[in-house]
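Below, chain A partners chain B and then partners chain C, in two separate complexes.
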Partner chain A sequence: MSAATLPRQESMEPQTQLASMTRPLLVILPFAILLLAASVLPDWAVQVPKGWTIPFVDWANTVIGHLRDDAIFGLFSFRDLTRGIAELITWPLAFVEGLLVAGFPKLGIAAMPWVMTAGLSGVLGWYLKDWRLGALAAGCVAYMAIFGKWELSMITLSVVLVAAPIAGLIGFGIGILAVKKQWFEALIVPLLNVLQSLPHFSYLIPIAVFIGVGHKAGTIATVIFAIPPMARLTILGLKGVAEEVREAGKMAGCTRFQTLWMVEIPAARQPLLVGVNQVIMQCLAMVVIASFVGARGLGHDLLFRLQALKIGQALESGVAIVLMAITLDQLSRAAAHKQPAHAATDATLLERFPFLAAALAVIAASLLLAAITPYAQAWPAELALSTAPFWDALVDWITLTLYDPLQYLRNAMLLYVLIPIRDLFQSIPWTAMVALVAAAGWSLGGLRLSLTVSGFVLFIAFAGYWERSLITAYMVTVAVLLCIAIGLPIGIWASRSERRTGIAKLLCDTFQTFPSFIYLIPVIMLFKVGDVAAISAIIIYAMIPIVRYTIFGLRNVPQEIVEAGITSGCTQRQLLWNIRMPLAFPEIMLGINQTIMFALFMVIIAAFIGTKDIGQEIFRALTFNDAGKGLVLGLCVAFMGLTADQLITAWATKRKQRLGLA
Partner chain B sequence: MSKFTKSASMATIMAFAAGTAFAQDSTDVIKIPTHNWSSQIVGAHIVGKLLEKGGAKVEYVSADSQVVYTALCEGDVSLVHEVWEGAFGVAFQKVVKEGCVVDAATHDAKTREEWWYPTYVEEVCPGLPAWEALNACADKFATAETAPKGRFLGGPVDWLKHDAERVEALAMNFEVVNAGSSAALWAELESAFKRKEPIVLFNWTPNFVEALYDGKFVEFPAFDPKCKDDPAWGSNKELSYDCGNPKDGYLKIAAWKEFPTKWPKAYAILQKINFSNMDIAVQAKLADIDNMEPEAAADKWLADNEARWKAWLGSAS
Partner chain C sequence: MSEAKIACRNLWKLYGSDPAGLLRRNHNNPSIETIRAEGYVPAVRNVSFDVMPGEILVVMGLSGSGKSTLLRCLARLIEPTSGEVMFEGRDILAASERELIELRRHKMGMVFQHFALLPHRTVLDNVAFPLQVRGTDRHSREARAREVIELVGLKGREAYYPRELSGGQQQRVGIARSLAVGPDVWFLDEPFSALDPLIRREMQDEFLRLQKVLNKTIVFITHDFDEAIRVADRIAIMKDGVVEQLGTAEELVTCPATPYVAEFTRNVAHDRLLSVRSIMAPASARTPDAAAVQAQALLASVARQVLLSERPVDVVDDGGVLVGTLARNGLIDALYGKEACA
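Take a look at the complex of A and B:
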């Protein structure tokens, strides 16, 4: 597509044209030769010989064993240290939980009545943006109470309210240090990359060893997952501060600390607040996974209901998580966009602090209400509404009506698409894969990129799980291709008007925050345990970024260029394919990059359905309490993601430069 | 180590309990894990309430049923009261061997894990539950990718069930497809049950599924320890696993290695606790069919079985 859409540019630069013809060929050629020659290649060049496996797993276990048992700090071990630190989190957790739901029985103080929580959320929304946001916030809180999810959702909310600030502060600190100290940035950025693409499940055993299980461990797991985005956005934000601003600070005689605190950080306020928003979303994405190591709340409830096949009730908990995510997302976004306001100095107290006054009024009114009627303190369980029967009926209807037609689709997919592709993938010699990745890296980013990405692939090959990695690669590849085939047209359609964009964004937000475990059950009911079910589950989740980025890319095409197209008499079709798409293409590629990341995340969760890939091995490591194996397998998945990420980012940057967009 | 603790728990505990009658339990909280299936959660609350009646302080910790053995080894949870031979036997034996977990007691409940089908399958496949009859109508269970062979939905691979070996040894017309979790098994069963589609899958008892769906286990040649190791045993002289699974797998209570010394009184109660198949089925029913909250279900069970648990507590104090 790219070659067809840029004839003009290529005719102007004959040399680039030659390069653009031969380069892809040079990248594919060694791979194609090795693949076709697989049958005549010696065995060692096709399958990684058992004897060549590097014992990464044993090394990892040795390190973990050492940290766990040996007193490396003189009197205590690393494990004692981490557990000691983890203990600290119980205090804020107990406090917030006491405030929101549990109360403080020792002091004889009850928890906040639900009307107070709802009212205060409303005031906060109003303060940050407008009365609509206030109504949304208050409404979502009321939903939790009226639909009988009060206790669970407030426990989950307190985990988020404790974990998010801690993760935010740590990430912020890491970011500042990385910006100020070159060596630290060189160390931390690759580490952040790996941490962000490591499957969540390979963390769980180390967390069980070094922190333990329980609510506190779940909260800490949440903190750990939420740190990387904050660190990244802090680095991005501080680096983006204009040099002029910094110099203005210097001229005003700022010390280094003052430059940081009073110049750079306020100037980077927006990206920092986007970071905070990402931290909160990450915390909510962890709700279900954290329950594997003992976090209480909605996540645990959801897994328990799913296990007992109470799909309706599980969905209800899922909806509560989505509502909480949407509310917190909107509130934190509003905070990011809010500009500091100043009241006139001669205003009355009420005029100067209208929101404080409103909050006080809410507190007084709700305490009064709670004293009059117990319904305002805690919504009675027998009056709780439930949408579960509706969801159950919906799932029933879908399985009964759609099952038969979908079977044709399933069988055709399996027999004519999936099984042939799987067989093809499994016949790829590892040498061919290394050759392909190395050549692609060389062509897109030179020797350095080539060495990095082939290093990733070599690690996967010699870690001893090559065949399983190929199955993971096959599922991710098929899923990503289908995501593009479905997501791209949706994105194009949605980018046509403001209203459609709004709808698509809302759907994307909902599907992204919906706990992905819920997709697993209906997908099995429709497609049976197997590759079709696993790939469908991956598609539902991984399609989100491609739709988002397509919309974003198409809508952000510079208006002048589009108008230039219209004046030269382009048809709608030409406008799309010859102007908008080529210009949006780098953005779309980044969307595909994200889609790959999402697919790699989901492919591991799809092991719950039943796969024969790395995900299954990670679960086995979980069963046998093998932390080292879990980590090494996790690294294999992370390196797959990073290989794709590095290549695509290099490509998109290059392309953007050629198009004059970057 | 494990031998030592086992014999200690088997034979000397009565003497131990009597001899240390003055020893006081630690005031530390006993942590009881809850997993994500109903009978276990109800049972955990029953165990917790009984230990509380014996004077202990307890706390419930939700933990994944696989991760929990790491936690038990570290002392982050103090006991696991539903150790299934089939699903968790391997993980349990590993931590017992490491010496950080003791085998505290064995329930009366016998667990059985086997190929299972819903009753309506008998209409299309006469002669069930004999495995030969199942094999004769294997094509009824075929799907596009397994045809002409039948499809058997097995449990997760890490449960080490040797289904594929059995299919080979008995020359069955089946292909084993492994689900990734028990939830996946139930989802497929639920879908097939609604459409009355023939299905044969891995199942076990005691289990909440028996309360929801009517069905039977397939009868394979009876299990014999030799069947596992000695190829000459059984109908196939060259291959092992030409038999069914044992019909009486254990259900155990595991405790952290320091439990017996830290909370001797509570440990004595723990060793008395004994659930039967009926108990587990009732616990599941209270939660899954009657939709009671786990705590209320535990209270109901305690109220209905007062004489039994009084005896467990009585002989311990």
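Take a look at the complex of A and C:
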């Protein structure tokens, strides 16, 4: 087979090469003409004229104002309603917080002793996977106590423990409805697309308007932010249930309700639990950022210390957040992968329920310990260890020894790379940008795609933030290019052996669990504030998907084709460039797509360290509670992401089909 | 003859934007060219047949021939475009959802190609599932499930989860589940296709053993002609949604109705398929003392005796009563020469 097809491919090459060369040229041509002719173009074709701005912001604010102030239910306004709903969340929050850290003073009941929390986490880890995970979970909890982060971390944990089930259930409900009702799916899926590409801050502004600021508002923001991934994974999971299994349910005589609850949902258990994992991680990421609207806990602590430029203490909080992220991720991941196994029929009660027994033993032992020594109830503050001096020393050392080279690097980056590219971006006429996107859309997916993506770009142009958007685009472009330049070789290197792949995957998984905000700490440490720092933060964060997808793509090239290459006498290098890379390329492009999305998320968060792009505007909107502006700016960012997403996905799908991979 | 258990009449299933309209516009019988030209996909075209009580009807066809769709139309897992499906004389296409559910809870069982077991339930709970959804209490449904599990030879594996079993064992669970409610009609959709050849053969034997005990009315789908011959009372061969021929294995082999059927049956060893009865000539009178052959014997087993005999050999039935004769040239014609039918 392969021997017969190989020569034919060779002979077709000149032809396809010609075709594949002319198409991109045609796509770039209008863009190139407009760009080169920028100096002779009329002003309106270069800069979006002020008068052309469509007042999206005012419209949005009118609607929001109407919702906020006008009594629409006769007795109370929409804002009263949202605040009332928000009030409901305080009960479970108070309960979990009381259990974990605050206790119930009115009832005279103390909180769980920290040894009990640590012990129960250990049993949970052991139950879900093995003793190692148990040790990790127990160790991380103990770290919080011993290193003086107990209260903050338990407050953060309570928010996650309350927000995740609520968000999970709502997302689950939305997902089920979408699978069962086609009209609802048609409505909700595009909405989910936009919601999942909105930057974190865009969720905070409406929350601030309708609910206010504070811990409660932060919790609500966390809930809302975590709903879309659960809804999406529910849809995916239920649709992934084999048709045969559904038919087996029907043939057993299930009613519709029985089919859903007894067949489809249990059969989709694994993807649903992956959804739960996503929800938990999104909740943690958001609760850190929600500190901007007053959520308490580790995030608030981190924000406060970063603002005061106390890097050592900020790092300490950062480490606590990272440990919590790793623990929560590993536990929920283990739950998703846990497979049922049968128990021996002659087992004793203890053998059958070893974990329940262990948990009961832990509770009894820790209550006893807490009665004997107060150290087991709450770790005394005066004995708390601190790593801050160590981190501060490290920062000082870096400042002392690396100050000059870092300054040099930073200035060189700015002068020779960033500023020229920024100027280039700002000289691009907006008409050229629209032409480029429209042509690319037309070439990849026909008229429909072309209209969709140029609609996105036109929205950004007429929303009145074109220049800011260009700065965002420039930062994302530079960061993504650097991500590719660094991440692609790493991915290729890691794909070479099973062991390297294992290591790289572990690192990717771990780094991906960190809330994005964390990545600001090291870059502030090295570059202080500004564009270089922002782009560095984006690169660290957004490199994960490109590495991951490169490895995945290269390792999933069909073995037969690789063997065909080896028997044809390819060297390792030829194998990589002639066989593995072309076949893995669509997958790598999807990785780049994800990298762009990650970069857009991060570029907005990087506004915190003083960039001049859309993120800064969103930040300002947050400060002034300007919900309309925040929403429109958020949509601008989302549409940038979606433009790239639509184009790249269309390309990759087409390419995969041509390669016979999809 | 008793009444058919399942009967379908002029059954159609077309995929496309308005299949019912297409049928109406073409006097309920569009040609395949018309269907394809208008952009519709033909799955089942004008299929009619009866399945008698206790009979095994095998529907055979290659992938895309519409055999699985046909089965799903009979079970009404898929809504046919037009036609009738009678189940014990009642039109199940007219049944309400409630009636359909009742029918499935008591009268129908189905086995699936990829087993379609519920991964989160033990063997016992999988088998008891159809009883559970119809509301049988735990005690009696588990008792019944244990009974069927023993019947399919899985005793001792009740507490296992499907992923802990081999493919053959998983399909035994699928079979046990389909039998749990004691159905009259048993649908099998390529039940052994996903199994290794050796296991497949073992499962076919197991299936025939079960059927001997249970005597269900069966519609069995396969793409494997050898399997069809092994298990079928009658075989329907499908191509492009149409039943090309419906008959016993012998009829298909000796008188293929279309070149397509002939293509399938060409490589079948006739002497291991045909019985003496199918080619014998009418008897004149019993030759005293001469050796006789059994009417239901396969030709391969009597070939030597018949070919070495100068004169026609007598054919007798189980009771030793003369039913026909078989001459040397008759045997040669059947195996190597002239077609046996007009």
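Basically, the second predicted complex is superposed on the first by the 607 of 662 C-alpha atoms of A that agree within 3 Å, B and C clash if a C-alpha of one lies under 4 Å from a C-alpha of the other, contacts with A are read in each partner's own complex, and residues count from 1 in each chain.
By our rule, a residue touches a chain if its C-beta (ideal position, glycine included) is under 8 Å from a C-beta of that chain, and two chains touch if they have at least 3 such contacts.
As the structure is a computational prediction, the values presented were derived from the model and not from experiment.
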item: Touching partner for A:Leu356 - first (chain B), second (chain C), both, neither; value: neither
item: Partner chain in contact with A:Leu187 - chain B first, chain C second, else both or neither; value: neither
item: Touching partner for A:Phe624 - first (chain B), second (chain C), both, neither; value: first
item: Partner chain in contact with A:Glu247 - chain B first, chain C second, else both or neither; value: second
item: Touching partner for A:Leu526 - first (chain B), second (chain C), both, neither; value: first
item: If touched residues of chain A are counted for chain B and for chain C, the larger one; value: B
item: Partner chain in contact with A:Leu451 - chain B first, chain C second, else both or neither; value: neither
item: Which superposed partner A:Leu385 touches (first chain B, second chain C, both, neither); value: neither
item: Chain A residues touching chain C - in the complex, by the definition given at the top; value: 242, 244-245, 247-248, 250-255, 258, 262-263, 266-267, 269, 339-343, 345
item: Residues of chain A that touch chain B when the two form their complex; value: 204-205, 208-209, 212-215, 217, 291-296, 300, 303-304, 306-309, 396, 399-400, 403, 410-411, 414-415, 419, 520-522, 524-526, 528-530, 606-612, 615-616, 619-620, 622-625
item: Chain A-facing residues of chain C, complex; value: 72, 75, 77, 101-102, 104-106, 108-110, 112-122, 129-130, 132-134, 159-161, 163-164, 174, 177-178, 181, 187
item: Residue numbers on chain B that touch chain A, as the complex places them; value: 31, 33, 36-38, 41, 61-64, 66-71, 73-74, 76-77, 90-91, 94-95, 143-145, 153, 156-158, 177-184, 186-188, 190-191, 194-195, 208, 212, 287-288
